[in-house]
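The same chain A turns up in both complexes below, where it pairs with chain B and then with chain C.
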Partner chain A sequence: MGEYVSSVVAPRAIARPRFGAALLLALPLLGLLLFFVHPLLTVLWRSVTDANGAFTLANYGRLLDDPGLPRAALRSLSIGVATTFTTMAFGLCLAMTLHRSRLRGKFLIRGALLLPMLAPSLVLGLGLVCLLGRNGLVHRLTGIPTDIYGFWGLLIANTLYGLPQVVIIVSAALERTPARHYDAAASMGATPWRQFIDVTLPRLRFALLAAAFLVFTETLTDFGSAVVVGGSYRVLAMEIYSEVVGQLDFAMGATLGVVLLAPALLSVWLGRLAKRRQDSGDASPGRALVPEHHPLRDAVLGTVAAIALLPVVAVVGTVAYVSAVKLWPYDRTLTLANYTGGMPDGYGPVATSLGVSLLAAVVGVVMIFALSAGLRRASPRIARPLQVLASLPAAVPGMVLGLGYVLTFNHGALSGWFYGSAAIVAACSLYHYHAQAFLTMQTGMRQVPDALEDAVASFGGDTRHVLRDAVLPFAMPAAISTFFYLFMRSLVTLSGVIFLVTPGLGLASVAVMRLDENGFLAQAAAYAMCVVVAGALALGAMRLLLHVLKDRRHVA
Partner chain B sequence: MHLRIDDIAKAWSGHTVLDGVSFHAGESDFVCLLGPSGCGKTTLLRIVAGLTAPDRGRIILDGQDITALPARERRMGLVFQSYSLFPDMTVAANVGYPMRLRGESPAAIATHTGEWLERVGLGTLATRFPDQLSGGQQQRVALARALAANPSMLLLDEPLSALDPAIRGQLRGEIRALQRSLGIPTIMVTHDQDEALAMADTIVCMNDGRIEQIGSPRCLYERPRTRFVADFIGHANLLPTGFVRETLPAFLERRPPGPDSTFELCLRPEDLLIDADPRGEGVIEDITFLGNLARAHIAWRGRRVLAELPGRSPLVRGEAVSIDAVRGAWVST
Partner chain C sequence: MHVYRQIGSVLALLAACGSVRAGDLTVYSALESDEIAIYLAAAKKALPDIDVHVLRLSSGDLAARLLAESAEPRNDAIWGMAVTDMLDPRIAALLTPVHGSNIDRMPASFRGSDSTWFAPTGYLAALCVNRDALAERGLPMPHTWRDLTSPMYRGQIAMPDPASSGTGYMVLSSLSDAGRNAEGMRLVTDIARNVGQETLSGSAPCKLARIGEFPIGISFAFSAMQSIRQGYPVTMVIPADGAGYELEGSAMMKSASHVAEARRFLDWTASADAAALYRGFKEIVATPGSEPTDEQLRQGLPAHLVATLPARDFATAARERAALIARFKQLTR
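Right, the complex of A and B next:
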């Protein structure tokens, strides 16, 4: 099947009813304009105006007056570059271990890699502090003085956080490399090392670039670990936080936000370029690749995998342990008291976090489904700019978007009920993670056969029938993935929502941060574990649903 | 039912795909749109179906201009190359789908669906899902679904291209028989000349957005009007006028007037008369035995022609032969 290439190369979208496209696109577009473009422009505007609203570049001039700011920028850059290197090195090794070794127990690696996806950088930072902080477990048990705060703490927390993302991107590229390329190289006498250099690496170039830019952006804009393990090593994200929350200097916060936005935008743009090049892979991977017997390679890869993943397990394990001790770090009697009443606000913040995440996921999946379905039938002139707009949030740090929300919505028509509500937090989470969710949905939409949509139309179906009978059955797995992606991200996000929470609206991730700031590490750990467990349950539910969906057609 | 296609033109972002195409299809006609990839045939079919809007021209069905009518109001049955069944619906639900859209009663739908599945020989597979069927079975379901809607026309877009050759041949016959028994006007798009020759009442041969020739399969094969048609349908030995003047002057009598370069003589391989002759002008370059016939490449005054001979021909490679022809058609270049 499919060896014949259809003669129609022209865009098919022209054929579909335009009014359907307009209807589908209207709401998602409005959402993007109102909750993404508008706040972003407000931040930009605020950075170039003075208190009276007149245009000025004085804010940017002030950046240099404070010696702390250039230093913070330099630190952000160095931590970004260093993290990118370590994460790429370990991530490549882990992906190679998963796909090019005969090591047994790969499920352990996959399992350990799930932890950083469930535990945000904030939780990883918290675990690191509990393990290697001045009063950490290691110091308590061995008496060796430890002090993880600063560069090394940030490096470790961010590296652990970035690992699974690098492994996912590199693995996808490794899976696309057909076995026959290795057969050909081997038949010409290439050693395994030469095969790695000549076959594997060239096909990984763009995946590695894309992954590197992703890690760099995330590290640069990360707030969670910066606030917990940064200590006196203050990076840009911390400076924004203290300008806004500490000194209520919104103009300076906005200006710093723009400074942070520039390298993130550049990095995402370069990453997209790299990704576009990478798409020209082999369509048919052919026979599955079975790595050759090579004990030395497996031993080396296994050792590196252990070095990379043991800290992950140790750090998350420490959080679990700390959440179950009586009075960290002085009385380490095991107890469930932290879960049964020790948490200062009870389960309220967890419930709020779950509610906000559910709202973001439900609204998000509907909006993004409508957007993707509408784009299929819109003319390219409209579709292309919309696609860029929908992907743009990837380049906007959560803090910048959150700050934009404060500046935009604390007055005006929406401020009354929206500002300080769960809805504004949900909106911020949704649009912060819009790009990846959109990408997932788009990938699913590409599975929908054009012929099926045309068939429905020719049998007398309207847009509603096309969506229900032709699009949804194929896009369902992507919709499920999108839903849970938004849910899980919203559950753990801190950077975007930090400016939006109010005393009446506690979130679990914010509770972790506040309790950590005040030294209640055990209670912070208990909240963190709630988030991790909720995320794990959601992940399990997603896998179950996708599995059921896959099986359903074969039941009859 | 009578379909008239009148001066249809279409361009995609400046690139002309259809350039003033006109033809008509009568009651119970089986029309094949034949041409190479990118000739515009699929676009034309989609315009007839109402899935694409033409830039110019009209589609007239039974005297009524339906150019502006959306696809869902045209009641045309469509079968695509592949992947057009609903994966989540059973075979029966797929076939019943157009009737459900029209709001027919469940009982009527069930009866109809059963009838149609019997007709395409899939009565026992009603409760299966598409991914449990072979490619040929899936296309039968698609055909039943298109016909169950009681369409005014049947439109087939390369329905056999994705199938194995053996199934393709079988389904070819089934589609044609079904179409004859229903008497439904049908347009099929194909790039496969064998398919078009075997199935069509009328072939519309297209190239580069234009119609090269319209006619019965036999007409297009025996009397191609252009070099493109001669070459695209079957094999053609195309000989320039000057060459014909020296070798087969008898054919010049029927040559249309015009400069030498405007017409070529098309000789089908089976039209060449080849005889062993030591003084002949041709030399057998190679000869391939194919059972009932033999195919020979012959060097002839600096040209190379293909001839089909009886399988038992005693000619061998290197042998000198005389060449003549019984039939031929002048084609414009």
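Right, the complex of A and C next:
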């Protein structure tokens, strides 16, 4: 059936406006080449050259010498697979709860999901230690011996980190579903479970695979949580850190970076799937779906959502609690002193970070919208490599990218104004999280009905009209999610930008790391809570602005 | 065309004003932010015409940054960075000799023979032991490195990874005499077998110990003294069977654009005034005439520490780092 549909659809592609699509693709492609491929190649070049710049494969040979590496690779793989399964299961349930249940208080779920995105990742790890560590809150309150160091700690930390991302992408596919299919299925006597299997899941195929790809590759490259709760369970990402920062062996760090790029090839499949049309939007959307009354479903989804979100809220709650006590965990008298004293950097970096994040989000959402819209119309020969390129950043550890930025932009044409500016930090954050933002946008754009797009085009609309009248209305929810996603991630990212801060340019996430490094746990927690609150206020303000703009447009 | 050139030259001039204003000094440092704030306030009083802009990174991050920027260094000087990191041949090549009345008075073992570096301060390997956590598990107080190899401490020790932390490497390199002492090497690997959590940074084990996650953290003395000062149930143990220490070196960059200012500032960091401030944060202060404070003595710091430190060949330790770490990995993983 699927093959039949695509063969019918294919000839139509010839009539589509190609020139506009090429224009749409040019700028995002230039951005990717300049701010992602270029720095990445600069680093990776070091994996195949020796100290004198001559070609060598010796670094790859050294991979086999180190007895720790194969084991670390195996561990990375198992933690990656385990994290992907748990995160996908919980993420799908949460997204279904948000879009396919009648549960009240969904804003609570949305709010709870924002927490792990607004809290600097280092802080999530610290919260986990203070909650579930050997001397954590749970142990002190109940006496149960708890020990998170190792596999389970990593699994929990990575799941917390990946959960919001899965919900965002799956939600982008669940948004604006017409009721017709469900009505039809119900009238043929399909049970709600069959409706889920036969109607909902096929529509989610791309979103689920994209989300799984992201969670898997990110778990492999992220070392933020591995550092804090990994225990003696060493994974590949930690080996990269120890090669680059501990032993100043950039070549070996780059070599491991190449190894970690391998899973990104999975995104080739995503590209193939993206080209298939059977789960794209409907020609005439019709009445929007309103979930019917079904108490059992709501009860089950609600319970799973509670189980998934309890650790999220508990971890961030623990950080808030640590920030407000005198001497964790020995003197738990409440105090606000940690918020007012002992912060050599002051709160200036929070403002800088907000500005940088806004820049990354605004530029990012425009570029990624153009890229996703352009790819809808591009021929497979262009679309497939671009699809891989746009998804590749997920497989690049932030530290490798940050190092690439220094090696590339420290000298050369752009170094004068770009190096050491807020723009370079914004660029690094944007391209570090490019894959996640891109795949969310792409999922959302699959909701755009092809027929509507064709209709606008056949009435003489050029690319601009097609975008405005057909693509934008359907892709809007995904575009908004992408914007907020980029904003939040840029606000708290650490691994790449740590190489880009200068004496005059302090960032909030770096300030938190310094406080923690200097041994001020409570102040670090307090600073992190300020970042969470500032981020939440900024989100609220932007949502309000969006609301006002939307109302205005309706009036006019 | 002419107009463009004029605009260009005005822009260049503006850029020049922004970056090369006389008296603006850019310094990279691995000292902690809170101590930097205190030192800088005093430096401003002593050298009112110099504005010091400090970028603070951990020693490893700083080394990586210096190396990545080495084609076009952005800083005038380095202030307080682990000497074994700084003497990596690729970073040492970026330095130039620096002299000054205070710098030249530093004891010979705290100064490079070629005058490219000097170290007014340093830190000492120490154990942070959480008395509460130790008692909860019914374990005795360790006093030596040898004690830590006992099977009863299995999984109870947090230790910095020698491959990623200067403190970790300091312990490995000091105890094994840069790998030359086979028995010392065995001692370190035996300790590594008992480790429950390897950390990236040298202060992290102490921070885990102070909140009771692991009863014993292998760290450095300042971290332990800070824990005691903040009120945690922590005892500082300086192992009796071998002192591991690291120096915090300062240096001038070959590429410095403010040579005179950088020299004056660096010389101030070696002054007696600065040494008095270091005592609030440092266990090893090499500036002649500086003695441990009463608080430091009370917390368990030996009185004649600087004079009793064994000589360390930092250049060799830096050069042979990769080989020694590779050997350690082979033995422990």
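Here is the rule we go by: the second predicted complex is superposed on the first by the 338 of 556 C-alpha atoms of A that agree within 3 Å, B and C clash if a C-alpha of one lies under 4 Å from a C-alpha of the other, contacts with A are read in each partner's own complex, and residues count from 1 in each chain.
By our rule, a residue touches a chain if its C-beta (ideal position, glycine included) is under 8 Å from a C-beta of that chain, and two chains touch if they have at least 3 such contacts.
Values in this document were obtained by computation on a predicted structure and should not be read as measured data.
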**Request:** Considering only touches as defined above, state whether A:519 meets chain B (first), chain C (second), both or neither.
**Result:** second
**Asked** Now for A:66: first (chain B), second (chain C), both, or neither, which partner does it touch?
**Response** second
**Dominant toucher of chain A (residue count), chain B or chain C** = C
**Message:** After the superposition on A, what does A:462 contact: first (chain B), second (chain C), both or neither?
**Reply:** first
**Message:** In the overlaid three-chain picture, which partner chain does A:50 touch, first (chain B) or second (chain C), both, or neither?
**Reply:** neither
**Request:** Please indicate which partner A:473 is in contact with in the superposed arrangement: first for chain B, second for chain C, both, or neither.
**Result:** first
**Request:** Using the touch definition from the top, say if A:449 reaches chain B (first), chain C (second), both or neither.
**Result:** first
**Asked** Which chain A residues qualify as touching chain C in the complex?
**Response** 66-68, 71, 129-130, 133-136, 149, 227, 230-232, 234, 238, 241-250, 327-331, 342, 344-345, 403, 406-407, 410-411, 415-417, 420, 498-499, 501-504, 514-521
**Asked** How about chain C: which of its residues touch chain A in the complex?
**Response** 15, 26-27, 32-34, 36-37, 53-58, 60-61, 63-65, 67-69, 71-72, 74, 85, 88, 90, 132-133, 161-165, 169, 195-201, 203, 206-208, 211-214, 223, 226-227, 230-233, 321-322, 325-326, 329-330, 333
**Prompt:** Can you list the chain B residues touching chain A in their complex?
**Reply:** 12-13, 15, 17, 36-39, 41-43, 46, 49-53, 70-78, 80-90, 97-98, 101-102, 127-129, 131-132, 135, 145, 149, 155, 157-158, 161-162, 191
**Complete:** Per the touch rule above, chain A residues touching chain B in the complex are 1-11, 14-15, 17, 449, 451-452, 454-455, 457-462, 465, 469-470, 473-474, 552-554, 556
